[in-house]
Amino acid sequence: MTRPFLRRPEALLGGAILLALILIAGFAPLIAPGDPLAIAGRPLIPPFTDAGLPLGTDRLGRDLLAELIHGARTSVAVGLSAALVAVFAGMTVGTAAGFAGGAIEAALMRIVDAFQIVPGFLLALAFVSVAGPSLWVVVLAIALGAWTGPARLARARVLSLRESDFVAAAKVMGMSPAEIAFRQIMPLALPPVLAVASVIVAAAVLTEAALSFLGLGDPNSVTWGAMIAEGRNQLRSAAYLSIIPGIALVLTVISTYLVGEALTDSLTGRDKR
Amino acid sequence: MARLGRVVLARLAGSVPVLLIVLVGVFLLLDSAGGDAVDAYLLSMGGGDAQMAAELRTRYGLDGSALSRLLFTLGQYARGDLGWSIALNRPIGPVIAERLPNTLWLMGSATALSFLLGSALGVLAGRRPGSLLDRVLSGGSLFLYSIPSFWLGLVLAVVFAVQLRWLPVSGIETIASGKAGLARAADIARHLVLPVAALGMIYLALFLRIMRSGMAEAWGQDFTLAARARGLPDWRITLNHAARNALLPLVTMLGLQSAAMLGGSVVIESVFAIPGFGRLAQEAVAGRDAPLLLAVILTSALMVVIANLLVDLAYGWLDPRVGSGAGHD
Amino acid sequence: MTLLLGLTGLSVHYPGASAPALADLGLALFEGEKLAIIGESGSGKSTLARVIAGLLPPGSRIEGRIDWGGGPTPRPGRDIGYVFQDPGGSLNPLLSVGRHLTEVLRTHLPLTARDARARAAELLDTVQIPDPARALNAYPHQFSGGQRQRIAIALAIAARPRLLIADEATSALDVLVQAEITALLRALCDAKGMTLLFITHDMALAGQLADRIAVMHAARMVEIGPAARVLRAPRESYTRSLLAAHLDLASPRLVGEAR
Amino acid sequence: MTLLVARGLTKTYPGARRIRALDDVSFEIAPGETLGLIGPSGCGKSTLARVLTRLTEPDAGTIRFGGQDWGALKGRALRRARGAMQMVFQDPGAAFHPRATVAGALCEPLRLHAIAPRSDWPDHVELLLTQVGLSPELAPRPLSALSGGQRQRVAIARAIAPRPKLIVLDEAVSALDASVRARVLDLLAQLQRDMGLAYLFVSHDLAVTRALSHRIAVMEAGRIVETGPAEALLAAPRTEILRRLIAAVPTIHTEKVPS
Amino acid sequence: MLATISRRGVLTGTAALLASTALPRLALAQGGGRLIVAADSEPRQLNPAIVASNGVFFISSKVIEPLAEASYDAGGLKPLLATGWEGSEDGLSITFTLREGVSWHDGTPFSSADVAFSAMEVWKPLQNIGRSLFANLEAVETPDPLTAIFRFSKPTPLQLIANALPVVSSVLPKHVYEGSDIVENPANRALIGTGPFKWGDYRPGEYYLLTRNDSYWGEGLPHLDDIVFRVLPDRAAAASSLEAGEVHLAAFSSVPLADLDRIAKVPGLSVVTKGYEALTYQLIVEINHRTEELSNLKVRQAIAHAIDKDFVLDTIFLGYAEKATGPVPANDPTFYTPDVTTYPFDIAAAKALLDEAGYPEGPGGTRFSLRLLPAPYFAETRQFGDYLRQALAAIGIDAQIVPHDAAGHIKAVYTDHAFDLAIAPTVFRADPAISTTILVRSGQPDGVPFSNQGGYANPELDALIDEALVTLDRDKRVALYKDFQRMVTADLPLINVADWSFTSVVADSVTGVATNPRWVVSNWAETGLSE
């Protein structure tokens, strides 16, 4: 028995936080209009001391709340896009490999191996340094290290589904290989991949933060990682500068995991007994 | 043992095409970058004239085509030579030999800690899924899993090194201390405590969760029910039956995560100023030092290959259904 | 005849399920007898076996009484042996057969490691595993399905239990092996005076093995009686329909003879 | 005139043990006839079923089916011809796309073999369901909501949809409860009479095979060791394996009870 | 000259000076000890005669000495290996008198041959600054072991050479380098010099170790037993190492400015702004004059008006900097003039100028877009990039920051010219001729970092620069450079925003701190540890 997705308390909690985040990200320009990087006041106003600037200001006097809200936009966008790119690329390569078999499969899987044995973060680091840290480069860099998981999962799933009775039945019925591949098997190979997608989203949010932390974020947009990196130099004197985006980051990642875990359970029929 | 040796050799040989793909890919990536090693060098000098730049490019062979430089580097590897680092102005082999142990210590200790503690706590949590202990451990691990390691590292350093002064802030050992033997080992261990904690926590959480879900799965299987039917004591079913089986996916994950852990150590090395592979890679990229970056990536990839091989051997040893480890794929 | 086990008004609810898996069941099991429980899937026969062996999942609600004649509540493994349907699944793939056996033996009997191993070899011999000494070091996947079920039986009888429960113990096996395992179970019970609770969906198998047959249907026991009587003169229409559906080599054929 | 002629089918699975699953197997099936294929597990009978339906390619041998060189058909030609030979699998849970509905599953063969224009599909589905004894109201239900017996009936409906000449039944009733099994067997016999279908009935259960088959072929270790009209064959077994299979059929030692 | 460039820094600097020198600690300091210093980078070439840069000097100046060091005393120079220098009337030769009794770390005596060799074989052909400064050096004569006569083919102002001495004149041992590939000589990785400290050990990524030179020529010097440069590329790590007492000194602002206030209050630590007066960095906006809008002077002036220098000083530099008026920093005692065109912060004026220039506000208030490339290697340049983007937005210029890493930035700006505005931290090296005029002089070949790569060409300015280069008369030369400042500020080939220098955080136990205007890159012979 799998409980429906919405009946899990942890899923509800995670979902609520995530939904709020997505809403904030989506409506950021309405909630905090104007350029979040604009200088809004005196630098280093502590939080909760100025009604106009509830979370205070950073080193350059930028509104921390506006930065936080727009940072949600970046984090959510980067996390989702990176996961989307990774899942799409992984599904395509994995499914192709699983179906083609033979030399094509061997070649594709060698490429997957190649990406898997190189530490993804090293690769992302090199890629962003070289290509210049724009948001899309960061998304691509993260996806570069994340697509192998979906590829392997998709391939494994395709391989096992290929041998199942309903595929044999479809064959006996006279269905063409292409139809079996794309109409019958693909949709079923998706759930386990979607289930790891949440982990990829969470990991992507963390990776983006780590890259920004190392100074490899896009300077034209606000990111929480960059905020932490900025605040890090004042960790002792103005800890709130890195604690506030840190909390936002942890909340985002936790809620993504919670939703992902519940999603995994209902998608794959796994349930905690 | 001879058989084991053959298995190891065969695996390494099998990874050669993969490593080649990696090398060519990374080379092309760095080659497409704006700026080369001489640009980086000129920056470090605070400027220089155009003729000087041209002379330097000739000196370091940067005026040749990308293909010829790639072939030159690969030719060096074939001769067992890692080449010359332009950024560091030293042969690469010794550089790797100096930095590798630091990263290995960091990664190895973090892996050992997270694996041992993570699996042990995972057994505790998975013993009674849904119990209070399980909820506390699962929730706690989720929290740990969500904390960026660099942030954790910063906080740990401030609390334990700066405020309490229990442990050193950074570095891998006391500089030029002249210590040797056990005293040096103890010194290195003291330096490793904080970075290992910062790096290991996230994996501890990961391993805990995998062990826990492996346990939960094992409880649903017939053989644990059968073990109960045979009247075995609870601890024995937990350890010998459920945990033993739950260990298998954990070991698999260990192999899959080895590359990620190596990547994770990059950030931690930066936070704790540990001269390891991550910093070397950053220096290589910043200095546009293709031979150095290639060597770092090659060595990391080899480490991951070896780690996976070890994991496969361990898997073969744990699971009698798998041959000596060679057949597992 | 001594009463081994008495069930009175026994009902079982699985957690989260609305309908009971067992409803208001009464049963008396006597020492040394062989009782077959038959029924189709979902009839509650396996639940009956598991509630007796104390193997219900946590959170299950049990109502009614379970009384054990002559002594304290028996311990699973020591006093009750249990053989499962799937011979592969009930063995831990990571432990050798020897480990499986010594583990059970040393849990229930005061044996040294060496004695336990000797005893384990004897048990394997009893269930007719060839070359027991070598088999001790082998792993479950190295045996055929029938052999695995023999090993599972050896484990179930290791501590010389008074009651042996065989839960569909032969239905996952090949037809030829099925007959051998049935024969083994009968021989073991006769030789050791064990009480046998034999759960099956196969009427004929029940008839071959059991002294008494109980018929389960929709969580209830609809009929119980001596095997010959139940098979020859069933009182309940459900039992009759089960018998009617049974096929053997004497059943009427559905097609004509080959042209 | 025979419907199907198989000659010298041979299949060896690659791998460490190189099991010879089919070893020079030859046989025929006439239109409207059931050939029962019986043997212990691992004898190669499932491989034979898969080779006939072109799910597995044999290493050697020829198959003529309906006057065509069936084994030589490829690609589109094979897919078009497949309507004439259908298959029903053992596990009714696994034989359908996990998200299929009853109507969806039944429309696939109608579409693939252009049995009817799209607008007529609902009528055909209703007819098919009625033919296999199911209520047409089930059509919109997901297959996962049906019982095992119902699902197997849908599988049979799907198999007869393209109006085949031969249906390969691979252990098609083995997973069903006895009472359900009896009714499905009745259905199969009736469809055979109504539609003139031929069956290859693959089973490990001799009693069931005997009930439905005109002729029986006995397999052992990849070979057909004995073939003949069902009753005659069982009355005078010539091979040891058949004698053992006969002996293994559990029998109720009593006269049949009138139902 | 006790110029302190920070307004707030005057106090802390003086306090530190009091703490370190006013108390009778020097006497205690003779005890030696190990000074541990945070180093944020590891130069690939450590030879200061080849690479004359502060990163190299920071470590190598303790081992290899120049002919003279900068000084707070009148004249601004303190003799080291040279005890005197004199220029000829015609400006074609300079005679150096060398110090007696100096020997190399390997025991070989130091002589004029070493100076001649260094000048002709290293400074002139190889050194990044020497290549242009000594372009006219024809020969070095060594009539005796303690005299070196530099002969030039064109008149060369003594003032220029003297100002450059601390930077360009590191002397190498001839006997070690002669006949070898100087750039790849092994001694570049284990330096041999005449300095107060000998090369000890180098563990890449971990530390450099320098040990006391017992036979140093300075009487009773050095005070320290050894110096360890601990490699700490991370700025926050440097701060916490100081606090944890693991490091005595962090120079070059390796402690983030924002953390200084707090760390100044940590007992036992002081913030010192002195000792960098000759190492002034200039925050400049480089302008690509190939960009149509920027070739218009009014647009450049508008940009200059849009920058709130007070904000930059207060917020980015937290007071540790001074407003720049032109290409020469105000703390230069010789060349600086405040009598130049200035551009006060005035948004309205800026907007008016843009309107005049023919760039009216478009829909959404944007006039045109620019690519902005802040140099990534200083936190201040990056932060100023963030600020400038906002400042330009306020006058309707949409500046998009194009991020690069260090090498990518160098290539993009100085070779590919793929920028409209760039932000650079250039260095003023005591004389405009050394590295300042090159920023605006036309005719620079592509690919030369920190030179005029913006395509600016002003024949009048070029002529002035060329004239100053061969003007021997001190006063005339100074006057020419004052004109230079006026011309640059009037035509704005680039915009000077601020002049800043670094801060050191020093443990109170360190003595002999900031004793000269290039203290961190000087030889530290007089530095010691009390307690």
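Per-chain numbering from 1; labels A, B, C, D and E assigned in written order.
What we mean here is this: contacts are C-beta pairs under 8 Å (C-beta built on N, C-alpha and C of every residue); 3 or more make two chains touch, one makes a residue touch a chain.
For reference, the UniProt names are A, B = Peptide/nickel transport system permease protein; C, D = Peptide/nickel transport system ATP-binding protein; E = Peptide/nickel transport system substrate-binding protein.
The structure displayed is predicted, hence computed values, not measured ones.
Participant: Would you mind naming the chains that touch subunit A and likewise touch subunit C?
Facilitator: Neighbours common to subunit A and subunit C are B, D.
Participant: Among the chains in this structure, which pair is joined by the largest number of C-beta pairs in contact?
Facilitator: Result of the pairwise contact count: B-E comes out on top.
Participant: Suppose each chain is reduced to the average of its Cα coordinates; what separation in Å results between subunit A and subunit D?
Facilitator: The computed centroid separation for subunit A versus subunit D comes out at 49 Å.
Participant: So what's the Cα centroid distance for subunit D and subunit E, whole Å?
Facilitator: 89
Participant: Roughly how many whole angstrom separate the Cα centroids of subunit B and subunit C?
Facilitator: 51
Participant: If you average the CA atoms of subunit A and of subunit E, how far apart do the two points sit, in angstrom?
Facilitator: 44
Participant: Would you please write down the residue numbers of subunit E that are in contact with two or more other chains?
Facilitator: Within subunit E, residues 236, 404-405, 408 contact more than one other chain.
Participant: In subunit C, which residues are in touch with two or more of the other chains?
Facilitator: none
Participant: If I count partner chains per residue in subunit B, which residues reach a count of at least 2?
Facilitator: 33-34, 154, 158, 162, 270, 285-286 - these are the residues of subunit B that touch more than one other chain.
Participant: All pairs of touching chains, please: list them by chain label.
Facilitator: A-B, A-D, A-E, B-C, B-E, C-D
Participant: What does subunit D use to touch subunit A in their complex?
Facilitator: It is residues 50, 53-55, 76, 78-80, 82-83, 85-87, 89, 91, 94-99, 108-109, 112-113, 155, 158, 162 of subunit D that touch subunit A.
Participant: What part of subunit B is in contact with subunit C in the complex they form?
Facilitator: That would be residues 221-223, 225-233, 236, 240-241, 244-245, 248, 318-321 of subunit B.
Participant: Which residues of subunit E touch subunit A in the complex?
Facilitator: Where subunit E meets subunit A, its residues are 235-236, 239, 256, 258-259, 261-262, 311, 315-316, 374, 376, 379, 382-383, 385-387, 389-390, 393, 400-405, 408.
Participant: Under the definition above, what is the set of subunit B residues touching subunit E in their complex?
Facilitator: Subunit B reaches subunit E through residues 33-37, 39-53, 59, 86-90, 95, 98-99, 154, 157-158, 161-162, 165, 168-172, 175-176, 270-273, 275-276, 279-280, 285-288.
Participant: Using the touch rule from the top, collect the residues of subunit E that touch subunit B in their complex.
Facilitator: It comes out as residues 36, 41-45, 51-55, 128-129, 131-132, 183, 188-189, 200-201, 203-207, 209, 228, 230-234, 236-237, 240-241, 243-246, 377, 404-412, 415-416, 427, 435, 444-451.
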